[in-house]
Amino acid sequence: MGGKLWGARFSSKPDVMVDRFHASIGFDKRLWREDIESSIVYSRMLAKQGIISDSEAATIIKGTFAFDESLEDIHTHIEDALIRRIGPLGESLYTGRSRNDQIALDTRLYVKNAILELIHLVTELQVTLVELAEKNQDLVMPGYTHLQRAQPVLLAHHLLAYYEMLKRDKERLEESLKRTSVLPLGSAALAGTTFDIDREFLCRELNMESVSSNSMDAVSDRDFVVECIFCTALSMAHLSRLCEELILWSSQEFGFMEISDSFATGSSIMPQKKNPDIPELIRGKTGRVYGHLISLLTMMKGLPLAYNKDMQEDKEALFDTVDTVANSLTILSMLLKEVEFKGENMLKATQQGYLVATDLADYLVRKGMTFRKAHQVVGDIIRMAEAKNKELHQLDVKEMKDFSPLIEEDVYEWLDPRSCVERRNINGGTGPEAVKRALSKAREELQS
Amino acid sequence: MGGKLWGARFSSKPDVMVDRFHASIGFDKRLWREDIESSIVYSRMLAKQGIISDSEAATIIKGTFAFDESLEDIHTHIEDALIRRIGPLGESLYTGRSRNDQIALDTRLYVKNAILELIHLVTELQVTLVELAEKNQDLVMPGYTHLQRAQPVLLAHHLLAYYEMLKRDKERLEESLKRTSVLPLGSAALAGTTFDIDREFLCRELNMESVSSNSMDAVSDRDFVVECIFCTALSMAHLSRLCEELILWSSQEFGFMEISDSFATGSSIMPQKKNPDIPELIRGKTGRVYGHLISLLTMMKGLPLAYNKDMQEDKEALFDTVDTVANSLTILSMLLKEVEFKGENMLKATQQGYLVATDLADYLVRKGMTFRKAHQVVGDIIRMAEAKNKELHQLDVKEMKDFSPLIEEDVYEWLDPRSCVERRNINGGTGPEAVKRALSKAREELQS
Amino acid sequence: MGGKLWGARFSSKPDVMVDRFHASIGFDKRLWREDIESSIVYSRMLAKQGIISDSEAATIIKGTFAFDESLEDIHTHIEDALIRRIGPLGESLYTGRSRNDQIALDTRLYVKNAILELIHLVTELQVTLVELAEKNQDLVMPGYTHLQRAQPVLLAHHLLAYYEMLKRDKERLEESLKRTSVLPLGSAALAGTTFDIDREFLCRELNMESVSSNSMDAVSDRDFVVECIFCTALSMAHLSRLCEELILWSSQEFGFMEISDSFATGSSIMPQKKNPDIPELIRGKTGRVYGHLISLLTMMKGLPLAYNKDMQEDKEALFDTVDTVANSLTILSMLLKEVEFKGENMLKATQQGYLVATDLADYLVRKGMTFRKAHQVVGDIIRMAEAKNKELHQLDVKEMKDFSPLIEEDVYEWLDPRSCVERRNINGGTGPEAVKRALSKAREELQS
Amino acid sequence: MGGKLWGARFSSKPDVMVDRFHASIGFDKRLWREDIESSIVYSRMLAKQGIISDSEAATIIKGTFAFDESLEDIHTHIEDALIRRIGPLGESLYTGRSRNDQIALDTRLYVKNAILELIHLVTELQVTLVELAEKNQDLVMPGYTHLQRAQPVLLAHHLLAYYEMLKRDKERLEESLKRTSVLPLGSAALAGTTFDIDREFLCRELNMESVSSNSMDAVSDRDFVVECIFCTALSMAHLSRLCEELILWSSQEFGFMEISDSFATGSSIMPQKKNPDIPELIRGKTGRVYGHLISLLTMMKGLPLAYNKDMQEDKEALFDTVDTVANSLTILSMLLKEVEFKGENMLKATQQGYLVATDLADYLVRKGMTFRKAHQVVGDIIRMAEAKNKELHQLDVKEMKDFSPLIEEDVYEWLDPRSCVERRNINGGTGPEAVKRALSKAREELQS
């Protein structure tokens, strides 16, 4: 079996193979909207400059608009189709433009839209995180380093760490906009057009921020694609960290969280089982976006100026990146909206593992002990507690006093996970007041 | 414009989004053949072991075969479809199997077939190179280091360098077969099945080389996918080098070669122009395969045992890699068959740039001069020649004799590019006899 | 502060900068042993072929051996040093060799030794895993999919999954040996030497497996370096998975394991705290080796034949890869030798989360129920148990009988995690007999 | 031989191995300046806040400054050394700081300085390119697409394309500064310090732009490192393109350029030979920086909050990236300053290959022919010219008139490569006026 069909794959005639290998229509058609938008503006400019007449422009625009209404029928390049519809006049739309600057423009318009969409979706995920933090403002959980419990923190504080990462992601995307929003038209194939086209008009009408400064750079620059993919690769790194935590927290061992049924798969036989498929998939898709980044960097390496056909390879990596990241952001936001945290389990976890050791040392220091001495005393107490298989709050005052007379009844209040948290109201800290301030600041940033 | 449609992309209901995000049917359907093949063998085994009856097996197999005939209709998983057709009996096909070991098996069968196909295509490209070398056995060209002309070599020798690279590519693919051709069935979800299935029977009937030794490894191993992609990534590195040379040789500056019209694009206005689009595209696609390699390595990083949903991400990278490399090999072979070399230009190029300097030193050494002295003398002669804007063969004997009386009339014969080549008949060298031997050896290897 | 020194970095004179940029001595000196070994064999061959006299060879060898004794003094290239010691005769060692084929040889000798060392270290880690599995043969733990508890497995079985991964790693390294162990000498700069050197003699004496077939390939091939790095990159993927598990198992939440004090860092204040630094570092170093792989693949992309200076970049990536992987293997093996598993915690974990649901369905099927029905009944029972906050073994027979009269007292025995494991003695399964067989097989493989 | 030493590598005692594996001192010492700078500011803040006394602060600062004077002696961590010098008071320097926020700060200070240095070096390379363009403003050369001669362009225009790429590189680096220049102190281990430290004071005194908003993010964020490496990876992509062109232009085939002796290696025997080693090395080093990027992205993938030891791996990749890119920029700038262009060869190259075909069509269009018709006529003329083995300017007017009576004597003037260039004075085009404007604009940008 199998063999036959496998073998057949390559029996096509050379010319068919070549056409198919060249073919970019399969993915270029995703640029139809950008292509039509820019063509309409271009013909208006040609009329304005007197390169074609107003009525010619009207005919072209009408012919071009037609596509918009019958998107489904576009199986071939827009140029050919236009000529079939309105005759040789269609050609004049390509006066002063070449495939090289036109494809650069279409790709730039696509990336610009994609960035705007991605910024929107990152913002939505930020909103979801802020809402989740607000809703769960009281929950205390273990903060980890090295995946070892270290100190109690607020869940809200933990969630806001991701808010910060996403804020940087948005900044990067926003800043990349101005390098994307550049009009290459006028560059022609590589040396600049000889026609008197109005680049500023095109720039304005297509909502671009600037016109390109060098025609050879303009047709051979794909920095904006690579930069867009990098920005999203770093976003995926962030999402992969969050997803790793969602997976850990959903495990029986952690038991901090439950994913809603609609976002987990189970099995008829194990109805209680909830596989965190969505976070796993997003974590896995991180590799996909890293791969696309390397793919484009490799593609650009060592290419002489100006346009080379290699660059056609930018499209699929770009489209798949945008789809992957947009979908990941969207679905993760949906999932988080329905997540349920198990505050009791979290709190219990803060009470095992001596997470308050540092605070006990602080207690002693504030009562006058030197730092080094305090560290040593706490170490000794914990060794004793461990030997007795007790946590610090389970020790008698007497047991502790043996190590230092400074320890008194007020130590229990001091070592309560919640009061540990409350001592950290420094800006950026996990204290409830600090977190409340951070939440207000986030709300403000999200509204602006 | 634009904005609306972009925005609309994510308006779907959560459940639709989730389904779509999970969905692997889009690419899993490429495994239908593997899935059916293994299901048929599996039901035969179940009957043999008495787990189901022979007639039940016959019903299942008949039900399963049906798919084969109506491939186009498969829009859902084979399992569900089978149950719809033959009722609950369909379930028994999944006795002792789980999705985890089944998908591992299907993927292994696919990779095995892909490797065989790729080996076949690499061999075809080798044959093309050997034929091309045989056909152009007389052509002398400059051999380059640092893209500087260094010494004259035979074009056939240059082409055979790629034959050697491809030979290694094939070896790697062949060796990876035995690690791919491993039967995971019997591993069930992760711990091994409790049913008395006959793994050896399945192995034999599915033409696998061995059965897996550890069920947890078996369901979470994707080494064979990563290894396959690596093997092809290295092939693409080789193809990118060859394509770089085809692009250089097709340039006006080198002028060593012409690509046939059917493999180059031109323009109506510049009918003489032939863009080496195919070699450029293949060079560009190198990045794509490197990207897939990184994608999968990243995906596997740090995954705990056993199966994790992240692994679903292996499919698209795998399929796209196999398609890309198979198509690149095929079309490059087609292109090379129709390439035309310009022997005269090549020869002329060997006569500019003092490519025979090393040979002149050898000449002096053989006439008794020490190595160091010979080097120095040749250096002096070339400096003089350069100053006179002459090549070595354009100098008078007298002019050279001034530097060493050892130089006589026979030096011209010695410095002829062809005789330089002919002195290098050591095994592996560029001498015509050595190349002839290499060609015979290649022919032998290709026949075995 | 700071600024001044930063600025000063680039104040050196051009020639110093250029020299330093070129300089490969910093890492080439790591090849001194390979360089000397091959030089000695080469001079013996030159004498054998009558290209130099026996006494000349003796002088050269004596001069060369000297380096070996004063390794610390080598601050310059071996060639120059030799000439300083034994005069112009030193040059003759370079008759028929060039820097291009010599550096290719040295690198091949280095990689060959590195592969042998790595195979040795992988084997040591396998031995450690087998010993650990043998020592802990009785421990039952949860097997996970999606990091959700799925079914009980033996810890030994889990550990042997890594044995299998490492077995494949070794196979790949072993197979790459024959492509590494190829003698390039005789290729000279790129076209082959004109001297009558005996390549077979060199091959034999340097313990290489074959002589290269094409001089242009021989001086521009770095496949063996890339392949070696790939093999180790996949090993690092495996180690990263194991390390992820060690980190999870060492967490308070899992509590399956304790890392010995000598392999963890703590703090004076929290003496109980053990950060799994070593597994974390190894997991982190995975990225480093992936990076080197991409580095070399990128470097080779699109390079025309034959030698290009870009290739000098192979060394540091190679050396750092070998060091990183060799150290990671060594230290992980040391760490595992001293790990202590907490069997009780593991066992307890298998009793929470309905890990035996599948086995309950099997129980019903064996008592005559159809598969589909059994699945449904088990699902219902678990829903009930969950509502009562009980595990299956905590239910009364009566409670279960309500769902099916087939359930009897023997169900408790059947659902014991250990008996679940024991039913999986199929080859490759987690049953104690199967694991015992796997251990014997591993022992055999390790001895051969 | 060899074997013994290889084997010996791993004979060290476990504890030595572990220490060495952990050890970050080898690369952390590169952060000594940042560490000392921040410690001094930190102790001033502690005094200001009354946490220590002024005289204590003075002692600490004096103790700390000492290092600066004996840098060479630092073989251990600054902390320990300080305590050895000034006693337990040294500890207080670490009040309210932890290793986690301190190492984050040091790394941020390093990256900030590195970015400033890189911006400076990119600017220097831009200046060099502008000077080179100004010096060679008259030179006409072929512009290429697909490495095929396409249209005549000015060399200055070609060089300015790289100026534009570097401008974007600088923008990205500049924008990343504000995300780098963030003060993490106050975050302590992960939850925020309980001491009343003045974060704004530290921020101001250390010249940072803002204080971090979330302590958990602050200690586990390495975005600024990854972003810095990405920015330089894209710079390396640009440099690799320029280097590819320098290599091509230095080849005998192109003959457009000569690299100065001090930047090329030759051989005694072939004194005319100039290998473009520097451009080759830079091209090769592109892979190295891509590799570091992937290394860090992989390292960060899936790490749970907050600090994990994996992150220690950021340093070496970062340092090597900064060194590699800084050195590449510096040396490339040095090399370009001494490059000599061969204007005559460039001009000659524009006259072969019908580079003026498009302009001939424009000529006809301007004389009233339709676009489509003009294209067809030019295609026919070129076919004829090719058959006669002539370039367009070598044809008689009569020969051309046969194809269209519109062609007259003025066509020769029109088809002169220089006049082709001169017709492209649109902004961003290759016309001399356009290029002059671009040069002024560049000069302005460089001064601001």
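The first chain written gets the first letter, and so on, giving A, B, C and D; residue counts start at 1 in each chain.
Methods note: a contact is a pair of C-beta atoms (placed from the backbone, for glycine too) under 8 Å apart; a residue touches a chain by one contact, two chains touch by 3 or more.
Computed from a predicted structure; not experimentally measured.
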Matching chain pair for A-B (criterion: over half of the contact pairs shared, by residue number), options C-D, B-D or A-D: C-D
Comparison of A-C and B-C by number of C-beta pairs in contact, larger one: B-C
Distance between the centres, which are taken as Cα means, of chain C and chain A, whole angstrom: 32
Chain B and chain C, separation of their C-alpha mean positions in angstrom: 25
Residues of chain A engaged with two or more neighbouring chains: 145-147, 248, 275-277, 280, 283, 286-287, 290, 293-294, 297-298, 301-302, 308-309, 358
Residues of chain C touching chain D in the complex: 1-3, 5-7, 9-10, 14-15, 17-18, 20-22, 33-34, 36-37, 109, 113-114, 116-117, 121, 262-263, 265, 275-278, 280-281, 283-288, 290-299, 301, 308-313, 316-317, 326-327, 330-331, 334
Chain C-touching residues of chain B, taken from the complex the two chains share: 88, 91-92, 95, 100, 143-147, 150-153, 157-158, 160-165, 168, 171-172, 175, 179, 186-187, 189-194, 196-197, 199, 211-221, 223, 226-227, 230, 233-234, 237, 240-241, 243-245, 248, 283, 286-287, 290, 293-294, 297-298, 300-309, 358-359, 362, 370-372, 421, 423-431, 434, 438, 441
Interfacial residue positions of chain D with respect to chain B in the complex: 145-149, 247-248, 250-254, 268-277, 280, 294, 297-298, 301-302, 349, 352-354, 357-358, 361, 375-376, 378-379, 382-383, 386
